[in-house]
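After this come two complexes, each holding chain A, first together with chain B and then together with chain C.
Now for the complex of A and B:
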């Protein structure tokens, strides 16, 4: 939970972080946040978050980089879009959360399992052109190591029933034919994106 | 009526019964579907967390570029694919700077997208293009008396708010259930989030959401749930056993794709019902209609 204790020590704000965040594609839209809290009361997973989205945006303004990028808030977001639909300022919070995840991964704040899952998913897309679910799972478990693999064994009944009902193909589909072109497109898109952020 | 079909990755794996039923139901309604050649993953709501929205939308746009020469509306079943493709399409149509930049990236793979297509959710197409009257007229096995909870989930109606249905209290699914002769039950959790991909990373979220959603359906007398979303279907069907374990419940509620229920009501060949793919058996609920294992 957030630290609500009031200290008499002077607060040091780091405006660089706010600027960094507000220069991202959707982060700039979070500048419109008026702290009404509609996102917090609408959120499907708020109870599990270190900070609600509202509080997170306030922490951005306060320059609390470590608290923001190290928090689980964006990783708990399920992209259900309820906050996005309800935000009176029209902030696409789901997309802002994407930017925060992106920033967190780029700056190596990757301790949450979701960060490993996201990276596993992307590796699958990048290497195959399609996300083969078995491949995503395998990459995820390898990234997370033994603890997570043990959990996977606890869920073996579920895996077996999915196999039995033809819901878990073990053989990946073929890579897309235009994989090389797709990779070239991605490379160019990344270069353009970096240029745009400057 | 011709459409370019974007199946999406899940329809090659966990959502196989969705694709099987979509293809046959569409044919029965006179829809002509052509799969987008060599389509790629749309990136879902996952890729942008790793590579940023712009790159993710360019990846999604490759599919639109491949579909554009045909000029047909792009038909999408998966809610996450719909989220990704519909928003990308909207950006191509409304943001000149984005379109130019995205086309610069697409050109690296010899492609270009001009933003001339429409991206459509299959549930919306059923209501707006086909029409409830035509669907009702096609029913050969009216599902009279079957109580169904229409579980729309979150992204289908909220990806592009107010594009076709109420984002908080959607009604399209209920209307469709009614057209098949079945009874849509009151279902306040019809648009609640199922926890989506947290199934793997924070399983408790999905189990708690599943418990709430299934209990709500049961309390309102539902015998089964139907959904247009592969993630919702998987989480409520495959994880139902774990929900029972965790919460000491005894749920036994089948969760079908709405197109499977259509295939049954249309009395199409049983292979298209794809009931063997369902983890919670739907046969008890369907027995009154002469459907047995």
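Now for the complex of A and C:
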């Protein structure tokens, strides 16, 4: 439990970050956390996380911005919802994780591949109205750079096999009808989210 | 009263199959010459009841002996009105459900119980209730705070006259000292106005409530139904007669001067919860006491003095909720303000979970931590050093404007033992031989049976409510006051009928003293756990029957054996002991007598039967009102009769006692330590008499307890007094 900080100087509580996070749409609800640890014992990927959800919320409280936004916790979250259904305080942890991801991206805190994938996927949906695997891949590699493409080559057998079975279309699908409207819907949703957060 | 005994033996519930009922009937009719002896297939069925009723009317039977189930069941079926005595022989739970059927020893056991009960009836008389003179049903409430006002209103609304005494010049108590209160109603999230005016108005508007403010109790004499209370008022002394008393004098904050380690007294901006209330009331908002600037960073330190072996070892129970409330003051005036609560555990019990969540949602930060020190930082602001237990690391909160200590509470009944008696706090000034105030158990809170009778103090008719009873928040105090008012009402109503209050509620018997033989030894006056017996100048006991709870401790204590109840006395139990048939030594059938307390041990024994647990066939059980009523002469009787061992089963004693009469089992233990003398005189091993603690849940342990005791007795061999 004692490994949140490295230096022996006392951790200073910083109210600003706590306030910043608690004013996001779902982060607000994480204020109710009573540190019971139910989420931590429920989470299947907790062992891969830098901090369990419980500890992450405690770090938020203490105002440890770098630790929180730089942590892999939200990226390791598989959105399985186990913690959300078990949290005695009814905190929608999965949604809190989404807010944390947004915040980490917006404030340039991330280099996790998952983050690049999220962004690639979204860009694709925003531009086309549907996900095209080839497009997502291209965007992902562009973000991640050459090292990642090398890795992709190692997976070429799998790719070929998928191609053969028609699981990986070569040609991009058509953009959906009414893409404009979809984009408007998304924009509106984002505006609402920002408003909720206030 | 000429007694005519009718014995009715039930054959139901397996009794008929396991026992020779006719032989049992003969014990009653031949040995004890009972004029009416009948058997019945199912005695509690309408036919059975009818059978008895016919004899009551036709035969003039007025003492009914029911041989069947335990006295703890079906008592309503076998209630034939106040003129008919009823005794029970427990053949079901104590014999056929614990012993093998159709067995010589089982039959002997059943016959012994029949003999014992019939022997008891020899001296049995119909209790006549004690009705005091000039009884009052009015209720005195001491303390005009939230609990006191609630108790007064509840009792008055139930139709009783109420006298409310408050030492301050106005009603309201703690409510007068606070800016807002924690919510008392759903949704338990909003701060509430203390609303003293409306509460006081309700009291003043109630024609049944008479209020004395600026008044204290000069003395309380008398007994339930007949308390004469002298009140010191601004206009001189007045005396009121009341039937029962609710003590609702609350608590006071723990002395913060003792909290120097948390910066109190050292820094002006370290204050107590009460001081914060004062400050907000005066300034309209939370400010730094030193500069009167609005506070934007506030730290609350929970358990300041509480849950601390150096200070108050207990949880003060209300300070978590109070700090949550005060944290919300800060958030209300400035949502951006930083508020930190350093806690051990948040104990916002019951509905206050919602209040806690509300504070969290308003941005109050709760930190589970051990606060290590408070220091002065830059600009005269404070810094809190703590060990954050969730982070597992030292932490620092700096630039704090105000530090608020949740300094807990001590009961108003706490007496400073270091002061000379005349300077000690006195509230009730009881004219009781056993001292002027309520006996306390620990930490100055009035002693009460915490599990079963929380409101009843050790002075019958005086009920403690609110934070004087134990630390509690306002919501609990309201509930407590309502409960205590109900208890006070029960007390005056029962007293008016000559009945005991808890735990023997409804009991009409009371101890009678054959004064001509009293030696003024003072044992009874000293040992009565409830201070029921006063004394005159010559040390003659002066019993107060309405203070009495009918435990029989005085009866057990009296070396002259001059105290008895109409239906419970030293000779009655002595006769039961003597009625046991003790087989000759060569028959190798030892006998062990068990005196079992009716409150827990007897139910546990019954439950052993209900669960068909088998225990030794050598035991004979006699129920007693409380082990405190054990008179050593019974042990003597048993030993000289040739009984091989005596086992006492009673409630746990000590600080976390379960004894329903609080001191009874403890006193029995003390008496027992003296019994060895007697046994030595008889040339017997003192371990032949032993005491064991059992609670109602221990029924499964009963066979083992008995078994172990019998093994021990068998080691000693048979009682050499057999056959003498």
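Following the convention adopted for this analysis, the second predicted complex is superposed on the first by the 175 of 198 C-alpha atoms of A that agree within 3 Å, B and C clash if a C-alpha of one lies under 4 Å from a C-alpha of the other, contacts with A are read in each partner's own complex, and residues count from 1 in each chain.
Note that a residue touches a chain if its C-beta (ideal position, glycine included) is under 8 Å from a C-beta of that chain, and two chains touch if they have at least 3 such contacts.
For clarity, every value in this text was computed on a predicted model and none was experimentally measured.
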Partner chain in contact with A:35 - chain B first, chain C second, else both or neither: second
More chain A residues in contact - chain B or chain C: B
Touched partner set for A:10, first chain B, second chain C, both or neither: second
First (chain B), second (chain C), both or neither touched by A:58: second
Contacts of A:89 with chain B and chain C, given as first, second, both or neither: second
Chain B versus chain C as contact partner of A:109, first or second or both or neither: neither
Chain B versus chain C as contact partner of A:22, first or second or both or neither: second
Doubly contacted chain A residues - partners chain C and chain B: none
Contact set on chain B toward chain A in their complex: 9-10, 12-14, 16, 38-41, 43-56, 58-59, 62, 80, 83, 101-102, 104-111, 154-155, 158-159, 161, 167-168, 192-193, 195-198, 200-203, 205, 209, 234, 238-239, 241-242, 276-279
Chain A residues touching chain C - in the complex, by the definition given at the top: 1-5, 8-13, 15, 18-19, 22, 28, 31-35, 55, 58-59, 61-62, 89
Of chain C, residues touching chain A in the complex: 297, 336, 338, 340, 346, 356-357, 360-361, 363, 365-368, 385, 388, 390-398
Footprint of chain B on chain A - complex, ascending: 24-26, 44-45, 48, 74-76, 78-82, 84-85, 94-95, 97-99, 101-102, 105, 112-114, 116-119, 121-122, 124-125, 129-134, 137, 140, 155, 157-158, 161-162, 165-169, 173, 176-178, 181-182, 184-190, 192-193, 196
